[in-house]
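Here the chain labels run A, B, C and D in written order, and each chain numbers its own residues starting at 1.
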C-alpha cells in the first residue's frame, strides 16, 4: 500500500486545477511508493479557496500561507501563485523543511532564483519546477533520441510559442485573472510566461545557451489596470524574439507573442541534426515529426509518429490506453508528479529542479537585458 | 453538496478502467446534482478484481454479479464484460431496479437487444450504452451544425474504422485479453466492435439507415484458441465493408478492418451536404475539419478547427483547460457520465439508450446477413 | 536529331489542351528518338479549331476527321472527343494505319471496346489510352514498391474520386462544355469519367478485379438540356460506390461523386499490405504517404514523401527541377507521351493499351450492371 | 497575331532552363501582344551552349556576351550567370538599349546595384529581376488580401528558407555547378541565395524593413575548391538568421540554412494581422493557409485554400486547368514573363524592377554587416 504524501496547495487558478488534477489521478495509473493526499488548499480569499477545496476534495483550507508551512501534516508545498510571490514562499517552505513544487518561471529574476536555490539546497528538500512540457510523451521521446545520438551533430534549434489573446486593446491588465499582464506581478510578459517554457525544453534537449540577442515589443502601450481602474502604461513585453548560440555550436531562434492571430497555444520546436531532424507542436501534442536521413533515399520523408501507437516503447504510454488513443495536455502534469514521487522514494533529485530552472532564468534575464541594451548578451 | 450515486462495476478490463476513470473525475470538472461513488467492483476472479478495486478505490468487491445486484447500496450497474454476457446481466439488473450503463454493442443480436430494451423500459430504469464517440467535442459540434441545418441536404456519409493489430497469424483467439477474436464471446468481429461505433454516430448525425449491402472477410482462417490451446477455425469477420441508403436519401459507405497496416484506431467520418461538409478523425480527435461553401469563393478551404479554442462555444470545453490545450480519448467517457447524471437528476433519458443502441444492432445484424446472403438487406 | 512524329489532334477542349501541351513540351525535357510535331488539329467547328490551332501552333486544320485520317503526313491520331465517338474514329484510324492515343474511357461499353481492340491489334498500330494518373511520379513510385514486394500480401485497396461541381440544379446537361452530363454522349456519369481512372490505377497496382457490387444515384433528376433547351431527365449516375474482390484476395472499396462539397478533384487511393501501406491524394499529387512496419517500433509513422526530393530515384523527376520543387497535373501527360514515344522507338507496346483499358471497361460495365440489378456481378 | 520579342539568353544552367521554359510556354496560355522568340543562347563553352540551344530551340548561339549585345535582332537579354557577372553585363545591356531580365540577387552588393539601377534608368529600358515567388498564385493571393486590408494592422512577419544539401563536408565549393558555395562568385551564401527571396517577398507584402540584427554561421569551415583542387577556407555563410523591424511597426524574423536535414526547399512565410493571418509553404505551393478572426467563433480554424479551386478569382489560375488540378514551381516563371510582356506592351514598369531589387540588396548588405559587427544595423 502506497504511503501518503500530503500536499499543501497555495493558489487555486488554472494551474492550481492542473496540478491538483495530477495529484488526484497519478495513483490510478502509476504504481508508486507514495500517493499524494490533498491535505490543504491555501489562499487569501476564504470563500474562493473553500469552494476550490470542496470542488477538488482538499481536506482543509488555510488563508495564510505561513500557517500552512507551520503545519506538521504537510509534506510538500505547491506554489501556484503569481511570480512575484515565489521567492518568499519558497524560501520559507524550504526553511520549514517542506518539499516544494513551484510553478514556473522560478522567480522574477536570477538574483531571486539564486536565493531560492540556496535555500532548498541548504534545507536539502526535494524541489521541482513545473516546466511540464518535458513530460509530454512526444517531447520525452525526442529527448531519448537526441541522447542516443540519433541526430548526430546539431546545427539548428528553433522554437515558437504563439498566442493571440491580448490583441484587443480592451483587455485590462492586472488582477486575479490577468496578473500575467501586470509587470509587477509577472516580472515580464511573454518572456517569462511562454519563452521560459521554450528555453527550458531547449536546454534539456540541446544543452546550455551561450549568448543571446533579443528584441521585444509592446504593441498595446496602455491598458486599464484592473486593480486601480485607471489607464496605465503596460510594462510587459507583448512579443519577444531572440537569436542565440548554444554551447554545442548550434544556432537557436526563439519567438513568442500574444499577437499571432489564429494561434492559441502554438508551442512548436524543431531541431535539425546531421543525421535526423525532429519537430513537435503543442496543438497536436500526441505526435512527433521525425526525419531520418538513413532511410532509403527514395523513401525518405517526415514521419508523423502518433506517440500512442507502441505503448511499450513510447514514454509513459504503457500507463494509459490502447494504441491510437490520444492523451492530452493535462497528462504532462500527471507524469511530472509520478516522476517526482519516484524521485522522493529513491532519494534522487528529479528535474527540472530549482537549479535547472535557474539556468532558464539566466537566459530570460539575458534576453530582457539584450532587448533593452540592443546588444548581444552572454548568459551568466 | 452533490448526492452520491453508487456504482457497481462488472468487469475490470480496458473499458473497466476507462469507465472508472470517468466516474472518478467527473465531479472535479462538472457541477452536478449527483456524484458517482465507486461502491463495488465485481468479477469472477477474486484476486484480479481485488487488485483492480484497490488500484481505483472501489470500496468493496464481489465475485458473483447476482450478489452485486442484490445489494441495496448499488444504484447503478456498469456492464463491462464480453458481449455474450450483456443480455442476462442487463435484464437481471433492470429487474433489480438498477440504472444500467452497458458497454457496446448492446447485445449479440437484435433478438437479445429487444429483450433488453423491453426489460429496462418495463423497469423504468435509466439506461445508456457506451457509444462514447458522440461525446468527443468535435463530434458533438458536428451534431450541432447538422441539426442547425448548416450542411443543408445531405448527399454522402462515409466512415472507416481501421486497425492493424491482428495481422500476425500468431495472435491467438479467445481468453481474457482476446475475447474480441472469439466469435462465441463477441458475436462478430469488426462489425460489432468497430463498425457499431461508426453506425451509432452515423444514425445520430444523419438519421436512420434503410438498407445495406455488405461484404466480410476473414483473412486468417485459423488461430490457436487461448482457452483450448488448439488451432481452431476463426469465426469472426476480420474486415467488413458495406454500402447503404439512409432514410434521408443520402448514400453511405462504411469500412472496418484489423488489417490496415499503419492505422491503430483510425475512426474517420465525413459528411457532405449541399452547403457544407464535415470530416473528423479519431487520431486527432480534438480537431474538426469543416468546409463552408458560403465562404467567399477565392477564400474557400477546409478549416481545421481546434475544438479547444473557443471554450464558451465548443461543447464541453468550458469545463477543461484554456484555449489551445487538447483533451484526449478518455474525456469522452467523462462527458457521457456527466450527461447521464444530469439526465438522472432531471428524470429524462439520455442517449444512446438501449433503444437507440438497438437501432445500431439492427444495422449490424443486417450487415452480417447481407454479407452472408450476398444481397441487399432492409434494416428492420 | 530526333525524328518527327506527326500528330493529328481531334478535339480542342480541356483534354485537347492538356495533350497538346504534352506534345509540345516533351522534347525539351526528355531525350527521345522521336519528337512530336503538331501537324493538324481537327474539329467540326472551323472557327474554333482554327483559333485552337493558332494558339498552340498546329500547322493545319481539318473539319472532317475522315480527311485527317486520309492524310499521309499524319503518323498518330489523338482522339479527344466525347466517348460516343471513340469507337468509330479509332477503328477508322487503325484501318488507316495510324498510331492512336485515345482519351479515356476507351469506349461506351465493353462491346465497343472489343471492336476497338480487335481493330488496333489487326492493324498492328501502337495504341494507348490517356489514363494519365499512372504517370504521376508518386503513383509510379507506388507501383515500383508494390512490384518489389515491399507491401507483402495485400489486404485492402480503397479509392475515391470526389468532386462538387454539379450540386446546383441550375447546371444544364449536354452541349460542348457539359457533354459529360449527357448520357448519350458520355455513356455514364461518374463511373466512366472518374471511377474509370480509379479502376485503371487499381488494376495496374493491385491486379484484376473479380466481382463487384455497386450502387449509383442521380441526385438531381432533371436538368435543362443545352442542345434542346428543355428540361429533361438526367440519365447519368451522379454518384457511384462499389465493393469488390480483387483476384489476389484483397478487398476493394471505390466511391465517386460530383456532390462532395469541398472537393474539386480529390482522387485518393490507399493500399494496405502485410508489411507496409501506401496512400496518395491528387490534391497534393507530389507527395506519397508511406508506412513501413519494418521501421523501429517507437519510430513508426506515416512518412510524407515529397516525390521531388531525390531526383535520381524518383520516377521521371531527374528530368525536371531541383529537389523540393514540385511539378503538377500536366506533367503526367508529358510523361505518358515520353513513354509512348520510347515504345514506338523500341517497337514495344506501352500501357495502358486499348487491351489494358478494356479491362477497366469491363469493370465499369459490371459496376453499372450491378447497380441496376442490385446483385454481385462477376467481371468478365 | 502577337509580335515577336527576341530573347538573348546568357547562361544555360538550372535557371537558364527555368526561364527558357517560361518563354516557350507563355504564349500557349496567355493572350499577349508580344510572344518571346528564342533568338540566341550565349555562353563561353561553345559545345555546351550549342547543346543547350539545340535542346530548347534557340535559333543561334554566341560565345561572347558582348557580341550578343551588339546584335540588332535581340530585344531582351536574360542574365542567368553567377552573381559576380551581373553588374558588367547589365550595364552593358542597358547601354545597348536591351530590355533586361536579370537573375536574382541583383548584384554582389548595394554599390553594384546602384550602378545597375542608374544604368537601366538612364537607358530607359524595361528591367525586371527573377524573384519569381511573387507570382506563385498563393503568394499573389496573399498580396491581394493584404492590400485589401483583410489582415488589418500587421504584428508579425516570419519567413524561413531551409535546405539540407551541403551538410556533407565532401561537397566541394566552386565551379560550374557549385558556384553558389564560392564566395567570389556568389558574394554570400544563403543570404543572397535564399534569404534574398524571403526579403523580396516580405517587402512586397509587408513594406520596407528599417533595421536588422543578424547572425551567420559557416558550419563546414573548409572544402575542396573545384577550380583549384585544393582544400580552401569557405567564405560563404551556411546559415543566417535575423531579427528586424518593418517600417509599419511589425516585427520580422528570418532564417535560412543549408543544414536543415529533411528540408529540400522549405520556403515558408507567415504574417499575423489584427484580423487575419496567412501562411504559405513552397513545398505545397498550391495551397494558402488563412485564418479569419471574423469567422463565427466556434467555427474558426485555419483554412487550407487549394489555390486552383476557383479559377476566376485565383490569380493566374484561369489560364491553366480545371479546379483542383495543381500547377508547380515552373509556372511562377511563366507568370513573370506574362506580366513582363504585358508591361512592355503598356509601357509600364513591372516589379520587381532593378530598383525594387535594390531594396532587397540593401537589406542583405545590412544583414551581413550586422552579422559581422554584432550590432543592429539600419537599412539604408
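Just so it is clear, a residue touches a chain if its C-beta (ideal position, glycine included) is under 8 Å from a C-beta of that chain, and two chains touch if they have at least 3 such contacts.
Since the structure is predicted, the reported quantities are computational estimates derived from the model, not experimental observations.
> If you take the chains that touch chain B and keep only those that also touch chain C, what is left?
In this structure, the chains that contact chain C and also chain B are A, D.
> Farthest chain from chain D, going by the mean of C-alpha atoms per chain?
Using the mean of the C-alpha atoms as each chain's centre, the farthest one from chain D is B.
> Using CA atom averages as chain centres, what separation in Å is found between chain A and chain B?
36
> On a C-alpha centroid basis, what's the spacing between chain A and chain C, in Å?
Roughly 55 Å separates the two chain centres.
> How many angstrom lie between the centres of chain A and chain D, each centre taken as the mean Cα position?
So the centre of chain A lies 42 Å away from the centre of chain D.
> Which chain D residues sit where two or more other chains touch them?
263, 300, 302, 306, 309 - these are the residues of chain D that touch more than one other chain.
> Provide the residue numbers of chain B that touch chain C in the complex, in ascending order.
155-156, 158, 162, 164, 167, 213-215, 217, 219, 239, 241-243, 245, 251, 253, 255, 257, 259-263, 272-277, 291, 293, 300, 302, 374-376
> Under the stated contact criterion, what part of chain A meets chain C in this complex?
141, 145, 288, 290, 292, 295, 297-306, 309-310, 312-314
> Which of the residues in chain B come into contact with chain A in the complex?
By the definition above, chain B touches chain A via 14, 18, 21, 24-25, 27-28, 55-57, 163, 165, 263-266, 282-287, 306, 308-309, 320-331.
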